[in-house]
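Naming follows writing order (A, B, C and D), and every chain is counted from residue 1.
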Amino acid sequence: MNPTKLSWKPGAVLALGLAVGAVQAHDRARTPVNIPDIPGYLTLKCDLHIHTVFSDGSVWPDIRAEEAWREGLDAIAITDHIEYQPHKRDLPTAHNRSYEIAKPRGDSLEVAVIRGSEITRQMPPGHLNAVFITDAVSLDTPEWRDALKTASDQGAFIFWNHPGWTGQQPDGVARWYPEHDELLNQGRLHGIEVVNSREYYPEAHRWCLDKKLTMLSNSDIHNPLNLDYDVHAGDHRPITLVFATERSPGAIKEALFARRTAVYGGNRLVGEETWVRPLFERSLTIRNPQVAIRGKGRVYVQIHNHSDLRYELQRAGTVAGLSFPATVSLPPGRTALLEVRGTDADANGVRQIGLPYTVSNVLVEPEQGLQVTLDIQVTFSP
Amino acid sequence: MNPTKLSWKPGAVLALGLAVGAVQAHDRARTPVNIPDIPGYLTLKCDLHIHTVFSDGSVWPDIRAEEAWREGLDAIAITDHIEYQPHKRDLPTAHNRSYEIAKPRGDSLEVAVIRGSEITRQMPPGHLNAVFITDAVSLDTPEWRDALKTASDQGAFIFWNHPGWTGQQPDGVARWYPEHDELLNQGRLHGIEVVNSREYYPEAHRWCLDKKLTMLSNSDIHNPLNLDYDVHAGDHRPITLVFATERSPGAIKEALFARRTAVYGGNRLVGEETWVRPLFERSLTIRNPQVAIRGKGRVYVQIHNHSDLRYELQRAGTVAGLSFPATVSLPPGRTALLEVRGTDADANGVRQIGLPYTVSNVLVEPEQGLQVTLDIQVTFSP
Amino acid sequence: MNPTKLSWKPGAVLALGLAVGAVQAHDRARTPVNIPDIPGYLTLKCDLHIHTVFSDGSVWPDIRAEEAWREGLDAIAITDHIEYQPHKRDLPTAHNRSYEIAKPRGDSLEVAVIRGSEITRQMPPGHLNAVFITDAVSLDTPEWRDALKTASDQGAFIFWNHPGWTGQQPDGVARWYPEHDELLNQGRLHGIEVVNSREYYPEAHRWCLDKKLTMLSNSDIHNPLNLDYDVHAGDHRPITLVFATERSPGAIKEALFARRTAVYGGNRLVGEETWVRPLFERSLTIRNPQVAIRGKGRVYVQIHNHSDLRYELQRAGTVAGLSFPATVSLPPGRTALLEVRGTDADANGVRQIGLPYTVSNVLVEPEQGLQVTLDIQVTFSP
Amino acid sequence: MNPTKLSWKPGAVLALGLAVGAVQAHDRARTPVNIPDIPGYLTLKCDLHIHTVFSDGSVWPDIRAEEAWREGLDAIAITDHIEYQPHKRDLPTAHNRSYEIAKPRGDSLEVAVIRGSEITRQMPPGHLNAVFITDAVSLDTPEWRDALKTASDQGAFIFWNHPGWTGQQPDGVARWYPEHDELLNQGRLHGIEVVNSREYYPEAHRWCLDKKLTMLSNSDIHNPLNLDYDVHAGDHRPITLVFATERSPGAIKEALFARRTAVYGGNRLVGEETWVRPLFERSLTIRNPQVAIRGKGRVYVQIHNHSDLRYELQRAGTVAGLSFPATVSLPPGRTALLEVRGTDADANGVRQIGLPYTVSNVLVEPEQGLQVTLDIQVTFSP
């Protein structure tokens, strides 16, 4: 008997319609990540640190492309550990296989799958991911320097993973070692994870700004995604936002080396002002930017937030003749009200006004939110 | 370097608390399946048809125990295909391994993991699961009769999977073959899947009643569970309810052979009246069973549904002197109102009344809902 | 003591930020109704049948504007009963007051509030709404003919409410009476509710097509909205979609008389093909309209549904050389997959193909779904 | 024509079943508040501060009973302002009417409706609620002292509302005035709102402990409830938990005077240890209190939380030979895992162990969480 001739029960993932006697439907569908493009670039949603059964992960590699498609991602890198395969008694070491298995599923769904590996060493230098490699097997070397040189020679983009991970930094504080200087000077360290899974590393954030490294935000997922992230309920894995000239692996690689990224973890954006300012600005539409206030009257400015983030704003200044809220919360996908009142009963005329706020969950530096103004035109009359 | 000495990044599944700089929390938690126990028996929630990477599934076996614990199950059987391993280029055939890997996770979480296999043949006899086997390797025989004899000799409970599966019955209609008679007569066929994944097979339902076979309801899951079932949103995999004397694998086995099961698929219960009647009755509490009606007045009987099912009731008779709703929907975990009105302005006295209904989603036969009465005491006065 | 000088505790609806010691936040926010505009017209979301405490409703009138703003509506009509005020012991009859109270809240939120009344008579002619009236008091006449003449003289748009309501048609079947012919001939009947609350009246649907009447879909809400509609969970009140040249009461009135409406109730659209076809077409984007199929291979066409409706498609024909699904469900706000397979191993060349489907929940006639094609370009190769 | 003879369209709230052509169902149902009873007492869920259209609220009074029933409450007090009726142009002052209208709806649903009034004065003494009054009209006096004396003479339970409300305390800090001493000494002040709407007042919490006043937690709701509380999504109004000997207004009154209450606001419980300790303890079941640890091995203690609160625990001590988590979050209605590890490879024997924790969201004093132990029996073996 030849099993391949049998009619196998297909994985339920392939079923779209309802069978005879079907109990209940379920969608195989993609939910978009609503983060806008910015002038000149597409905002691609990427997760560049992912495990499968081929190292210490728990799913067959093709599932990673399926999960990414459903969650609205554009690209993933499969980055199994080179040095660690707890399943190897059953699943012999084969460093390139997880990529090779995941890629066709990604192709069929139009999710880019990028070949990568996690070079997994004691600190220093700790764990580093090399993505856009051409052969993972050649990274299996006794010396970590050799592995990184090989990756670099393959044209890889290399970044330091979870620098404050308590497994290697018991106090959770990221530390920079001479080995990292060595790699940086050799051009073999291009970025750092500012966010890994649920963790944000302010030290890494600072280093990226100071040393001109690329910021990354990755899941490092081992489990099936839904065991760790309540994606159905607005939760999402951490995502590296890549500002690319087109939707292609090559464009992602170019953008990574050019440091055109931002970090999207939890309800937080982290990145250089160049990138996060247009993300914020393009997320919002003021529905009625022209308002009229009569004396000490009140108007509501309606602000629609197109994005998936809830922006949290703190008032950052005053405006003569107006009072406006100390805090504003802009819920995702909805229109909020900003109550503005006149404070001068005799005011008259038309003024362009920028209401000054700090966006506390969009960080341009550690503990420094983005400074913005909400721009309206007010016609005052007594 | 010895990888086992490294401090590995643990799978996020192990993290309970919030790390330094943590972005957001996530629960590793179990959600109970609210289906009551019945007199004399515990109602154990079981899924006896599950795949892993060791055949054509997509997750490492331990994940199956984790998923089951989180979804509130008491027991699962790992039943990889004997004859079909599409991953075997990478993962060599090892029929017992998926059970051996899943079991320790189940033990740590107190979910029973049962050794099983899917004997996967052309129709007839189609696909059959043998659970409570002692060795899966010995089922790998050229002849299906040998495989089933071996399973039977190991004391296995054997059931026919998805008898109306369109992969083997293109019209979705289950058909009984002489080979099934042969197995039944040999005592090598003990049950049938009345529900498999999203499908219900009325023919199988009928056969179980007529031929005294055990009814099963299993997921046949291949993907990570959450890709196929929106468990977060009230969806659930199909579950075999096993009425057992205690919470142990032995008690489950005894109950299966004794045909003490019911089928829970979607929002439907299927089973012999002996079992589904107490399930229904113990699901409900009438909060105010004693009501007073004055003339043609109206009262509300409050019915609380403790279970996860939404019971759908259709009026199945009349009661002199009372009007009551044609349909009643009892939402899960909530208290609904049943509006009862007097129809006789001069009624007087106290009466015990059973309001007759058919529960359309609790099937005691194909297309035959359970007949029930909602029992109240009415004090009438003019 | 003058109460107006006190600092009153404001209704919580006005609170945007968090007070000192605040326990938890809550949004006052508007959720958009995602139904696209169509060529030449804005698609305004309107509910033209609403009650308040001034007749038999349960909320102060301003709440109706607040609810409408939050649910994403553009306009509402307040239509309290002329002939029925069960609260009048406490709240003396004042037919214009509910409009006058609701309007300022609508103005502050940019929701149009339209003056209306429900002329509430026995069948025939039953209950009729007059909207865009100028004075409700004058409709309080002994004879219904006088009330309708007065409304008409005020320029009102007049429509028949819930024609199959079991309160006036015990079998739920709408019936057309000579009195309706009389009104139609006098130009005093312009539309009918095809949907009222949870009910759809196929007879009314047919009459609107045959007699050239405007189709309406209104809530007839009496309770606070959230007691009857789970708006938080994707439920919505019935909405009259008005295709207007601008977002203004005048444009709504013009469109109503011009019969440029469609009905949005539950997960169903009802309307003339002229209007519902572009609604459907503009709801969808085929992400990859150009696909390549090799022999009997398979591709996935990705269809994004921008709207809030789940479109349910049934295959309505065949295409030589291709197989495609019998049913397709397009979930709201998500991207679904349409699996297309080649059936001719030797096919070659490029073809423009329209996959024929019926949209079963977009009704152009009673029981007649909209016929559509999903247009793709397929490059075949052996 | 007599309107009362017409067949009126009933408020949708009365519809249970599906009408002909129905679009979609909706439940009129009660969701229980899962907070356990404590030894000797029922835990009744009460909201004793509620407004209607008869003062500055927005709903007809019967809606308040309906909302309370649906949200799982046992009792409410209608407490319209005596001194403030912004609707009185339309709705003439009638202080007892809101209670009289709400009560029959409460009776039909078995929700107790208690007669009350808000005596609404400048600070001091600010706003005070008198509940269990017999006549609200008599509280309409020029002098607040007279109003409170009258209420007291009627046997009322009197409490101070929102003592830190920014409308009367611009900095949000509650202040105690000589007038409050006067009332306390006269026996005319029995309790204070420790929580009002989304606000918690630590000063009021302290005063209740020191001055032996009853703690209350009320909504002060003006809007329809669902506009301010996302009750569908796990949000709830603030609730005064009353520990009563039976489910009756009299028993509630007795318990209020006896200070047997606790405060349930947001995800927080506030109260004297006497009451909140059994609430916490009865909320939890340790599923496997007897565990076995081998050497430095690990076990999972499974803790089920029956309540609607998410309990947040902080480790508050050490236990020789064991490590256990620094923080534990116990999600509502689910079973969490507590990972316990041995730290002594040679440990042996059986020990009863209490793992010490502070429950940070159960406050026995301002900023002082409840001290608890999680009690397990550990069998150690090398």
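Assorted remarks:
Here, a contact is a pair of C-beta atoms (placed from the backbone, for glycine too) under 8 Å apart; a residue touches a chain by one contact, two chains touch by 3 or more.
All of these numbers come straight from a predicted model, not from anything done at the bench.
A comparison of the C-D and A-C interfaces places the larger number of contacting C-beta pairs at C-D. Between the Cα centres of chain C and chain D there is a gap of 39 Å.
In whole angstrom, the spacing between the mean C-alpha positions of chain A and chain C is 38. Residue numbers of chain D whose C-beta contacts span two or more other chains: 18, 25, 28. Which chains touch which is summed up as A-B, A-C, B-D, C-D. Listing the residues of chain D that touch chain B in their complex gives 14, 16-18, 25, 27-32, 108-110, 287-288, 298-300, 302, 304, 325-329, 331, 333-339. Of all residues in chain D, those touching chain C in their complex are 1, 3, 6-13, 15, 18-26, 28, 53-54, 56-60, 62-63, 66-67, 70, 83-84, 87, 90-92, 94, 97, 101, 120-122, 127, 142, 162, 164-168, 171-173, 195, 197-202, 220-230, 232-233, 235, 238, 265-268.
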